[in-house]
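Worksheet for the structure shown next.
First chain written, first letter: the chains are A, B, C, D and E, and each begins at residue 1.
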Amino acid sequence: MLKIANLSKSFGTHKVIKNVSLTVGSEIRVVLGLNGCGKSTMLKIVAGILASDNGKILIDKRDVTALPPEDRHVGYVPQQASLFKHLSVRENIRYCLRNGRGAEADIDQLVEMLKIENVLDKKPEALSGGFQSRVSLARTLASQPHVMLMDEPLSDLDLAIKEKLIPEFRKVLKKLGIPVLYVTHDLSEAQLLGDRFSCMIEGVLSDADSAEKAFGLIRESISDYDLHGPAQHQLRN
Amino acid sequence: MDGSLMNKIMNKDLITILFTPLLFLLIIYPIVALLTNLEVPGVRETLMDGLFWDSVKNTLLAALVAASLCVILSIGFGYCHLFMRNSLLYKAANLMNDLPIALPHTVAGLALLLAFGRTNFGFAGPTGLAFTMIAVVLAMFFVSYPLAARAVASGVDQMDLESIAVARTLGDTPTKAFLRIALPALREALFSGFVLSFARSLSEFAAVIMFGGNVPGSTQVLASYVFTKVEEGEVAMAVTASGFCIFLSLILVVLVGQGRRRRA
Amino acid sequence: EPVKLNLYVAAGLKKAMDVVVEKFIKENGVETYPNYGPSGGLYTQIIKGQPCDIYFSADWDLIEKLEQKEMLAQKKKFLKDFIVLVVSKTGENKVRSLNDLTKDGIVLSIADPRAPVGRYAEKGLQNSGLFDTIVAKGNIKAKPSTVNQLAILVQKDQVDAGLIFQSVANMYGLPPIDSMGTDLTGEIVFGIGVIKGGNEALANKFMEFAVQNVAEFVSYGWQPYE
Amino acid sequence: MDGSLMNKIMNKDLITILFTPLLFLLIIYPIVALLTNLEVPGVRETLMDGLFWDSVKNTLLAALVAASLCVILSIGFGYCHLFMRNSLLYKAANLMNDLPIALPHTVAGLALLLAFGRTNFGFAGPTGLAFTMIAVVLAMFFVSYPLAARAVASGVDQMDLESIAVARTLGDTPTKAFLRIALPALREALFSGFVLSFARSLSEFAAVIMFGGNVPGSTQVLASYVFTKVEEGEVAMAVTASGFCIFLSLILVVLVGQGRRRRA
Amino acid sequence: MLKIANLSKSFGTHKVIKNVSLTVGSEIRVVLGLNGCGKSTMLKIVAGILASDNGKILIDKRDVTALPPEDRHVGYVPQQASLFKHLSVRENIRYCLRNGRGAEADIDQLVEMLKIENVLDKKPEALSGGFQSRVSLARTLASQPHVMLMDEPLSDLDLAIKEKLIPEFRKVLKKLGIPVLYVTHDLSEAQLLGDRFSCMIEGVLSDADSAEKAFGLIRESISDYDLHGPAQHQLRN
């Protein structure tokens, strides 16, 4: 179980995450939010890549707030697959083994489930976008993380390919039964993937009963923007 | 923008009026003017001089070691540039980085001599580190390091930071992530730093003579060979030896270029 | 056209030459441009056609080379110098004379034999029968390219002893503890060359003026050549 | 990765064992060792020497002009790097770029003397271009240009090419697009090239003395002042003047850094 | 009118555009295609940024095949807005005036239509993604191009913002009455924007009666990929 309590984070004077609390059980929790609302920042704090200003993070009741990323046993899947370019697909997926994580047998099973047997010896740059996403997911799952953090892993893909990948990913993730925190700005992706939903609006996280409701809240929040240009707090900096 | 129409049609304006003539006039023409001063007797005499070949050997050895040392230290600097941008150490290192470039070379040699000569490093031998091949390497390193550091820093600026974040979550300490993921991504930058600092090392003489000692056959390098030849008034031999420096540097550039192409 | 005199001067002579040049300008009202550099570098500039009227070299050989190239209108042996032995703080107790240079564990520096000072020092050691022993014991640890670098090594106590020009020893405040006679080293001459095709009349005049004012140079440790 | 947990927690491994001690030992310690040799009388004497201030003036002037020239030429190189990657001119320029770095400096000066001395440039004056401030500038330029060219090339590699394509469709010729769009984007790279080539220019002596001459008050720069003081046995004054070179370079780095911060 | 005839282009041995012909009248022609199928390459050739190996391009009956981009009078809107970073929004939009193109009055009207009055004095980096896209469109339209070439100009935006922008963009483009060639991989974007449709599959362009039909053709083309990994010709290189 992942428990986030009262998380806050500013960059300089810009408050990006505002007192966020969230509990994710063995489910896929999708957080919907616009560009720049703070989704990635939240995930990076949970992963330990960024330090928060306030708040606590508990994974399976263990307080990991002060631990570096390598001691948190979380899986992090970034937006661009960010595969290790100089390694083959096989070496990418087996990377965690070097640090004594994961198990060979599990990895074989993952490879099969994600249908990447045929590309194991290729370099990442020779892969299509869809396959890069699969390899990225496999690389992270191979390390047997206690929590999955996924930062729009499909948003660079074509709709047609996305349509095929989403059910696959859902199947794989559900099989593991660990908490998954999945952020996206795509409604249909949220609908197809998620068990439970939240929306993030300018650093504030709120629960929603469904993906549609979450999206509705977001849509409301931008009506101002559309009429009068970006308000100060919506500016990127 | 390879092979683009943009290229084919309108290249000729800014270049022809600005860059091409200046490049030829200021860089290529002097080198050509120099090479026309090569004379057969001077070349022959140089090539038959055993001390010349000793200095070639010393130069190659010392410059390769110095350039490698530059690369190693600049890797360390790259690490700071990546992970510790806000630390005091990094800020100091960044400010200090370029100082050796600005120091006149004779005095750079003096600085090294005072630092590693026998007053402070007497335990290392009767002359400290001075007047040994180690001294030659350190002198070359001192003047060349800033170039390697700059190259690596700009490589780090172009790197994919997310892949390092992923490596961390897969269990890597910063050191491991740096060595396994960042370093391979910096290959190009490291090559570039290596080539530059190797070339710079070839040309250094004032610091090398002062600290390295310039004993023919033992610590004399090409640049100090050139200097003594100029002092002797043997211009043709000096030009030959310099041509050799250029030759060495070109070979390195071409070798590195080929190695790069093969991998790609 | 204002009269100008282009002077190329071995940098070691600078202190005395500055005084002489200033006097010369005052007395003759001639624009005089002294260009100070290493003797060999100046020689190279001259043979590559840079305008020089008069050349003061620390190495008589370079003057003769110019003569061979038929570039000289006049030449004159100007100053005499000597090779002296200087020691550093550490060397004081180990080395008291030239003969001590053959002792074990001496850190000696002589200049690169292709610089004049190195050539004379080597010759002197050979003629006094010390050279082979010194080389055999590996006592020569550094061969800097210029006499000044050598003086710095001694001054900064990086070596025990060095063989340098008396004039340089004087300028670096290093008291000589032994010296080599002309019989050992041969004549050590700083020469003057008046370059053909320059302002020869004025150059000759300056040459005479320098000879008259040789006392300035003597005060820095040279002896006049007669 | 500013202010990240990554930083706070595990910085200490690779750095402490590798980079920090080496940086201090090999770069900072020698400079400090040198500066401890500054003596009050030597400093005072130097600061009261009119010729010293003349050489400071000459150095500043020449190094600023040389560094500007480096930047201008490297802009031309950047243009080729951007638009003409496949042309022969570019390939030649790229190969030639680094040669001046590898050429021993005495001989670099000789090359310039042969190229621009009165044999070939007699029309420009009694000494050709040699022994003038122009010669000093060209000598500094010759040894510094490669650094600026490298900096700009790596800046071009990081540039957004689409915005240049857009400018073209809005009616810009390649030259206009380069000047209006690419150049502002290269600002950082140009600064970096300027700083490096300025610092490198400060330290150059062998090429400057051979081509520019060393006439006190007229073409004497700090580096040749240092040489002269060493010849005169005034080591303390030489060290003072060198310290001044470092000081000038630091000032430039800080000024440029501040200018950059203000704009950002 | 834009007429493309028998266009081909290879990078090395890799054929990217295969004998493409297309005529676009005063309409919005949407080309749907997967990542890497050659969409951008085609647009760049029409814009004159890349040279084709074969084929002809006619704009209003003028053969522009051999002309550089600045003489073609086409408008090019790239995927990332690629605004001129050092210029304000106002200066970005008025850029064409420097080259004697466009008219002040038109520009004022554009600014109003695209609702960017309030951001004219800002620097591009201070804008949200949606506003960057609007400015990018305005900058290009200001030059009164004879043809518009748009390379997924909305694909980096959030769905909620996209939804608002698409009808706006359509209105502005339709008002100009010039040929618009618009490439995207997003079906709903195509549906909302296009008058006529094509699909591009591995460098081959085919007409389709509707956006759905075009998408269907593409979906069929990737079934193989999904089952057996990427075939050789689908690899990115």
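In the analysis below, a residue touches a chain if its C-beta (ideal position, glycine included) is under 8 Å from a C-beta of that chain, and two chains touch if they have at least 3 such contacts.
Computed from a prediction, not measured in an experiment: that's the story for all the values here.
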item	value
Intersection of contact partners for chain A and chain D	B, E
Most distant chain from chain A by Cα centroid	C
Chain D-chain E separation of Cα centroids, rounded to whole Å	44
Centre distance in Å when chain B and chain E are each reduced to the mean of their C-alpha atoms	47
Centre distance in Å when chain A and chain C are each reduced to the mean of their C-alpha atoms	77
Rounded Å distance, chain B centre to chain D centre (Cα mean)	15
Set of chain B residues in contact with two or more other chains	1, 3, 6, 10, 106, 110, 114, 168, 173, 227, 230, 235
Residue numbers of chain E (touch at least two other chains)	48-49, 68-69
Junction residues of chain C - those touching two or more other chains	41, 44, 48, 149, 152, 156
Residues of chain E that touch chain A when the two form their complex	34-36, 115-119, 125-131, 156-161, 163-164, 185-187, 215, 218-219, 222, 225-230, 234-237
Complex contact set, residues of chain B against chain D	1-3, 6-7, 10-11, 13-15, 18-20, 22-23, 26-31, 33-34, 36-37, 72-73, 75-77, 79-80, 82-87, 89, 93, 95-108, 110-112, 114-116, 120, 138, 141-142, 145-147, 150-151, 154, 157-158, 161, 168, 173-175, 178-179, 192, 195-196, 199-200, 202-203, 205-206, 222-223, 226-227, 230, 235, 238-239, 241-242, 245-246, 248-250, 253
Touching residues (chain side chain B, partner chain C) in the complex	106, 110, 113-114, 117-119, 126-128, 130-131, 209-210, 213-216, 220, 224, 227-233, 235
Chain A-touching residues of chain B, taken from the complex the two chains share	160, 162-163, 165-173, 176, 180-181, 184-185, 187
Interfacial residue positions of chain A with respect to chain B in the complex	44, 47-49, 68-70, 72, 74-80, 82-86, 95-96, 98-101, 139-140, 143, 145
